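Paired with subunit B in one complex and with subunit C in the other, subunit A is shared by the two complexes that follow.
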Partner chain A sequence: MLTDPLFWTAAFNTAQYTLGSLLIQLPVALILALLLNRPGLRGRGLLRLTFFAPSLVGLPFVAMLFAPIFEKRTGLINAGLHHFFPLWDPEFAWMHQYVMSALIIAALWMYAGFNMVYFLAALQNVSKDLLEAAAIDGAGPWQRFRHVTLPDIAPVASFITLLSTIGSFQMFELSFILLNNGPGPENRGLTVMMYLYQTGFITGDLGYASAIGWVLAVTLMSIALLQRWLGRRHEER
Partner chain B sequence: MKTLREKLTRYLSPGALIILFLAVVSVLTTLLLPRKQAEGIPFWVSAQAHYQAYKPFVAEWNARHPDRKINLIQLHATALERRMLSGFLAGTPVADLIEPNSTTAAKGFAGPLSSVGYYDLTDHIKAEGLLERINPPSFALFTTRHRIFGLPHDVHPVLLAYRSDLVEAAGIDVSTIETWDDYFRVMSPLMRDRDGDGRPDRYLLEAWDSNAIAISILLLQADGKLLDAQDRPALNDPRNAHILARLVTWFSGPKRVCIDINQDSAIGHRQRLDGQVIGCLLPDWRAGQWKRENPGLAGKLKLMPLPAWEKGGRRTSGFGGTMLGINRHTQHFDTCWEFAKELYFSPRLAEQLFRDTNIITPVKALWSSPIFDRPDPYFNGQASGRLYIDQAPHVPLRSSSPYYANAVANIANAVSELKAHADRTRTFDEAALTRVAQAILDRAQYAMEREVSRNLFLLQEP
Partner chain C sequence: MSARRLINFFLYGLLLFFAVLTLVPFAYMVCGALKSKYDFAATLFLPAGDGWLGIGWDRLTLDNFVRLFTELGLPRALHNSILLASVSSILTVLFCAMGGYALAKHQFRGRDAVMGLVLAALIIPGPLLLAPSFQLLYNLNLLDTYTGLLLPGLTPAFGVFLFRQSMLNSVPTELLEAARMDGAGEFRIFFELVLPLVRPMLGAFLMISFMGTWNNFIGPQIILQSPELHPLSVALNNLKGLYGTDYGVIMAGTIVSISPVMCLFLLLQKEFISGLTSGAVKG
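Let's turn to the complex of A and B:
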């Protein structure tokens, strides 16, 4: 497996998607949560439901929804951009060279609201006394966030990071459906889970697929242990 | 009662208890539900059109043979594949008669010949002269290591469907077209920029580097190779490099003539209806699909043989296929075999299949039926059946290898890589692209050989 170029392509794509998801999804979720946590905000419940709703529909639905959006010429994104910026190429191939960007955008739409709910719950538990004390001591909004809010929500953030990492490593349905039941041109959308599926259920090599599954499980377990160790070190400080 | 509740909640939370309760109730309900005992020899099909067409036939058979009834069961294609392979690999129950498509059928050929789950029909087919009665290319998809494991259901030749309304309005005469070069030259006046944005709004052929189906159709037509006669990978055949280079000049650069259109979606049908493309590669079954899904194209299309790659070259290709296989462990082989022949050689069923799905039968004797000569309003009064039948004997041979789908995917990936190289370096010279294509195909060949080398049975058995 270690000398199999396709496995490494899948691993690279998965890592790319995981990093992209974590670096974009979590900050967006946190920003949404901070916005919704502002005191006196009207329609908070409705906004919370609106942001959370995409996560209720499931990945296959999201994939079906985004497939036409990313289409060349007729897709909402290309047609819209070409309409407003005539120099934009309406044949821009989102699902070709930019598969991972397309997947990250689709996943962002689905999961940002989901993660936002966790952050919102954590934010509502941040000690008001500490925030007030910091404000009295002259701390600005950024300093209050950096030194009071962030340490308080760190355990939840760590938990969400772990969940998102595991979820990203297991990504299958979204790319599989968006790319028309395959890994896409030049295997650009091939993830480890999709390679496992292809090897086991398309090629019929169940032994190799099982080995891929084990590698994935051990990798995820290692990441979880590493995250736990880092979390503990942080708490001890 | 309170004690019991306390005892239960001591070990399990209320949520877990509810889940457990629901699980127990579901299991008991499933066990207690009355089971409908199916009568007859099970026959699995997946295609809806086949199921509908076979129903009256099976009812008739059952009335004639009350002691040898057939039990027709429709399964989703994926369910059929999973259940069939589970049966072959692990001995779970499998129907006596199975009608898988060629991709699913090929998965049953992965092991040693002696363990293939289908009944080896070779001797029966030869002894009863069926080899001569059925269009020869149709057997290739269901023959592995010189043994035939299925009765072919179809041929699936590919023709070129073109927008005759647009072509005729432009005063273009298609009768002079013999090669792809002719086609692109003659049709070139139709590839115009109508809205003035500097890009053509209409292209001449529906094919793209991400469309593995179109690539495999064109490659087979051009006598390219995916696997050799022994089912070993042959991706780096020099002929393939030449074909790939030429295809890339169709997809990109100053001579671009192709467009990427979504195969089976509403968007794709809309684009075809809007006239964004002139010509499409159309197997017989897809013609039936278009009639159902895009009736708006009726009267706007005509069919013609595919333009050849070189003068005097092949004018068709093939895509898809279905077979009728018999479980090798069946206790009712004679009944299954008699039923299979009656089903696939039935003139009435062949006509109904063509009427409902546009699929032509592989049984040569049935090609004389007048139904195939009937004017087809969808194709501007052309006799679509006859046009497909004329090309049926020339359909290229395809492999039954379980690695065939992987080979198609690999070749499509190679086209994508070559196109990306051409776009990046602005190289659209065929000779230069052929050299790059050869290097890409050598890498693809290595990867594919690695993959196939894990299957010792296919390589070791002659």
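Let's turn to the complex of A and C:
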């Protein structure tokens, strides 16, 4: 397996997707939660429901919904962007060269609100007294966020990071369905899970599929352990 | 305008912007489902015409839904999905609650060993089990059956663990003892005393397992070969393969597929959100 170029393609794609998802999705989720957490905000319940709604759709159905959205020319993104910014190329090939970006966008739509709910719950537990004390001592909004809010929500943030990492590493449905049951042109949409599926259930090599499963499982467990270790070290400081 | 009002204005604007971005795909889906194949390619949302607001309302059609329910065999898949998701979610909640109850409130030999097993199963990632469980189902002759699809996931370790934790917290042992003194049987205690006490967990977990089965794709894709057994996720994907460019049909099918989950969520909303975050915040 370690000399199998297809496996490495899949691993590279999956890592790219995971990193992209984490770096975009979690900040967006946190920003949404911070915006919603403002005291005296009107329509909070409705907004929260709105942001949460996409995560009810379910991965296979998100993939089906986004298939026409990513189409060239007629698709919502290309046609919409071209309408507002004529410089945008309506032939932008979401489903070819930029498959991973497309997957990250679809996942962002689906999961940002889901992660926001966790952040929101964490934000509501942040000590209000401490925030007030900091404000009286002359700390600006950024300082209050950096030194009071952030340390308080760090455990939840690391929990969400772990959940998202594990979920992203196992991504299958989104690319499989979007790319018409295959890895896409030049295997650009091949993920580790899809490779496992293909070798095990299309080619019929269950042994090789098990081996891929093991590599994925060991990777995920190592990430979880690494994260616990980092968390502990952080607490000790 | 004062600085504070300007900031507020900006924040509301930002929230509204995000809300619109979130809702646009839904609107796109609903509009798409109501358009003919020609209009789907020609317009983004609703087709232009000389009706109210400059929209050609008369061009909208329910044809996509009619086709799905008559010639394309969607009722079968819808029926399968409802059957699979309700049976599995009810049984999963029942078994997890029973397991959690036993581990939280009963003393028996080997309890710690069972608890250790549950904790060990908790950290095994799903992909690891895909190929071995397929092999196992093959040997048991359970491929292409609902039993084979549902049985492996009927008592997830994290469900047992979640119920054990919540019963440790919210079911007082004295209450159980009092009920036993009054002569209540074990099943009566479980159904009439224990379950009502963990009601929020029941709602949240019911929702989670219903969604898990409803949105499961890789499981039925691997295990079920006969098309008449397929749930919506797989059936709709097969339709997408056959009618790839006829997106109106796919959008209509997606609406049919996600509406039941949305309705269930609106019913269980409160319990679901609190159950979802309770574990995360208390840690």
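Heads up, the rule we're going with is that the second predicted complex is superposed on the first by the 233 of 237 C-alpha atoms of A that agree within 3 Å, B and C clash if a C-alpha of one lies under 4 Å from a C-alpha of the other, contacts with A are read in each partner's own complex, and residues count from 1 in each chain.
We take it that a contact is a pair of C-beta atoms (placed from the backbone, for glycine too) under 8 Å apart; a residue touches a chain by one contact, two chains touch by 3 or more.
For clarity, every value in this text was computed on a predicted model and none was experimentally measured.
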Fit-or-clash call for subunit B and subunit C when the two complexes are aligned on subunit A: clash
Subunit B versus subunit C as contact partner of A:Pro5, first or second or both or neither: first
Partner chain(s) touched by A:Pro68 [first = subunit B, second = subunit C, both, neither]: both
Touching partner for A:Gly140 - first (subunit B), second (subunit C), both, neither: neither
Touching partner for A:Val117 - first (subunit B), second (subunit C), both, neither: second
Partner chain in contact with A:Gly182 - subunit B first, subunit C second, else both or neither: first
Subunit B versus subunit C as contact partner of A:Pro151, first or second or both or neither: neither
Partner contacting more residues of subunit A (subunit B vs subunit C): C
Partner chain(s) touched by A:Thr50 [first = subunit B, second = subunit C, both, neither]: second
Partner chain in contact with A:His96 - subunit B first, subunit C second, else both or neither: first
Where subunit C runs into subunit B (options 20-28, 92-100, 128-136 or 272-280): 92-100
Subunit B and subunit C footprints on subunit A, overlapping residues: 67-68, 74, 180
Complex contact set, residues of subunit A against subunit B: 4-6, 67-68, 71-74, 86, 90-91, 95-97, 180, 182-187, 202-205, 208
Interface residues, subunit A side, partner subunit C - complex: 32, 35-36, 38, 47, 49-51, 53-54, 56-61, 64-69, 74, 76, 79-80, 109, 113, 117-118, 121-122, 125, 155-156, 159-160, 166, 170, 172-173, 176-177, 180-181, 192-193, 196-197, 200-201, 206-207, 209-210, 212-214, 216-217, 220-221, 224
Subunit B to subunit A touching residues, read off their complex: 85, 107, 110, 197, 199, 209-210, 212, 260, 262-263, 265, 267, 270-271, 276, 402-403, 405-406, 409, 412-413, 416-417, 420, 447, 450-451, 454-455
Residues of subunit C defined as touching subunit A within the complex: 11, 14-15, 18-19, 21-26, 28-29, 32, 40-41, 44, 123-132, 134-135, 211, 214-215, 217-218, 222, 233, 236-237, 240-241, 244, 247, 250-251, 253-254, 257-258, 261-262, 265, 269, 273, 276-277, 280-281, 283
